[in-house]
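We just call them A, B, C and D in the order they show up, numbering each chain from 1.
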Amino acid sequence: MEQSAAVERDQRESARRGEARLRAGDAVLPALGITVEDVAPGTATARLTVTPAMLNGHDTTHGGYVFLLADTAFAFACNTRSVAVAASCDVDFLEPTTAGDELVAVASERVLRGRSGVYDVTVSRDGRTVAEFRGRSRSIAPQPTDSSTGTSTGEEPS
Amino acid sequence: MEQSAAVERDQRESARRGEARLRAGDAVLPALGITVEDVAPGTATARLTVTPAMLNGHDTTHGGYVFLLADTAFAFACNTRSVAVAASCDVDFLEPTTAGDELVAVASERVLRGRSGVYDVTVSRDGRTVAEFRGRSRSIAPQPTDSSTGTSTGEEPS
Amino acid sequence: MEQSAAVERDQRESARRGEARLRAGDAVLPALGITVEDVAPGTATARLTVTPAMLNGHDTTHGGYVFLLADTAFAFACNTRSVAVAASCDVDFLEPTTAGDELVAVASERVLRGRSGVYDVTVSRDGRTVAEFRGRSRSIAPQPTDSSTGTSTGEEPS
Amino acid sequence: MEQSAAVERDQRESARRGEARLRAGDAVLPALGITVEDVAPGTATARLTVTPAMLNGHDTTHGGYVFLLADTAFAFACNTRSVAVAASCDVDFLEPTTAGDELVAVASERVLRGRSGVYDVTVSRDGRTVAEFRGRSRSIAPQPTDSSTGTSTGEEPS
């Protein structure tokens, strides 16, 4: 099907532009050593190795870093579709992790309806789930054809 | 009322011990420059000045740091009552912030019922709300009488 | 202040029109015996006496009815501002109730920012909280000047 | 594998007992015409045909009934494992429905860790998603071996 192939190509191209837009100038990824990979329409994977500076007083990872990793995967996943922002997020903490652990956050699109999207992110360590995250996105603009414009996630404009 | 005064004194003492327990050995507060103050039964305030390393590609604060600050205030507030962990949290992002902004997260206990608690945290900049957070806590042990034991937030044991 | 008085009068008038709009033709309120009162800018109260038909197999109120009551108070509160829909909601169930109990849901606006709003609803019985609800609204149109038009809550348009 | 077959048989037996326990004496299912089917370890499906008495003033289904249906599927799914209660739930409303529509809620277990579980429920009409629900369960007792005891969902004991 010619049409289907064209749609798929457009989606991959939109994902590529969204990924380039989010990576450009982002200071958090290099500062924390987060890597983002497997960015494709509606999905993305982010990885982080927990450092001692991310620990609470009792040697467990601060929940804020677990959330940040999941939110990063979510941002890349929803920005494959359009210029999108995070409106709200939920997170369930299932078990603690600690320094040296590699956390992997895999985001997948659950539903996309008009300008609203719902994305699920599972955070795991050694293949075992340590947190479940759900993010709600809001599209604020079509994907720009040039990576020099656009707005990253983490805000909800009026 | 003698009894009421005694209860109030016990609650303040529990809050003091919880605060000391969370502060001891915490690596995140000094690493990010977060200050925690006004810790009292059921409440706490956390402050953070956003740095360039906390910005997305388009000069807005990564939502993960906004969450982390709110989660910190929540952790201190719920650990004034007992040794408590975060079970789940929700966050609404209302407007973006950027480097140099001072974010203030004020946590207050909405309801405490048995081992479960619900806490609201408002994050503001210059007195204007930028995010609303709700955290659910689960008590896992009574407040230890000595600050050398206990478990920090960020995990949910089985 | 003349201006302030005028703003306040406009807000009360918007609230009155929103309330009239939601009441018109609503089938759920009379069917379940829900009463709505104290509708004012950003707030509303809904009451329900639990009937045997609302009970689970073990004589406790189905959580769906607790949610429905909170959602009703939320809908009236957010529609005092504009024609608004519920985008998403969270609920915490704190203790069970049963037939004959009168549940009271009080909704209050936490923050209104552009087209987005966050509302808190506390559901209580005899003054004791049994559930906490948080709803996110999205404005889809200004308040119509005539009550014959508009859209009720419970949907999220694209 | 003898052992695996025994485990699977035990899980099916637990699911059967949980289902019987929830059905016994439930007044909501017959009152609203909800049918529950396909109850198996960690999953359940609930169906409801919307009636005029479930409509808001503008001919759309009250969000409370959409939640109630999802909550029902969630309750049956999590009670296949043990005697479990709903601690908290989130719902996203994606599009409106109306009288005559058949809504189908399919619950599936996302993660079960100790006494805590996370379940996702998708509500659809004609195969198209109209709402996404996430429920958090808390186990309060092992599955009783006799269906005459146990506690239904919709409460969170201390």
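In the analysis below, contacts are C-beta pairs under 8 Å (C-beta built on N, C-alpha and C of every residue); 3 or more make two chains touch, one makes a residue touch a chain.
Bear in mind that the values here come from a model prediction, so they are computed numbers and not experimental data.
Ranking every chain by how far its Cα centroid lies from the centroid of chain D, the top place goes to B.
Interface note: chain A and chain B, two copies of one sequence, contact each other through mostly matching residue numbers (shared numbers exceed half of all numbers used). By number of C-beta pairs in contact, C-D leads when A-D and C-D are compared. One simple way to say how far apart two chains are is to compare their mean CA positions; for chain A and chain D this gives 29 Å.
Note: centroid distance chain C to chain D, computed from Cα atoms, is 24 Å. Multi-chain contact residues, meaning those touching two or more other chains, occur in chain C at positions 87-88, 90, 92, 94-95, 113, 116, 136, 156-158. Considering their complex, residues 90, 92, 94-95, 110-111, 113, 116, 118, 120, 129, 132, 134, 136 of chain A touch chain D.
Of all the residues in chain B, the ones that touch chain A in their complex are 21-28, 31, 52-69, 71-72, 75, 85-96, 150-158. Chain C contributes residues 87-88, 90, 113-116, 136, 156-158 to its touches with chain A in the complex.
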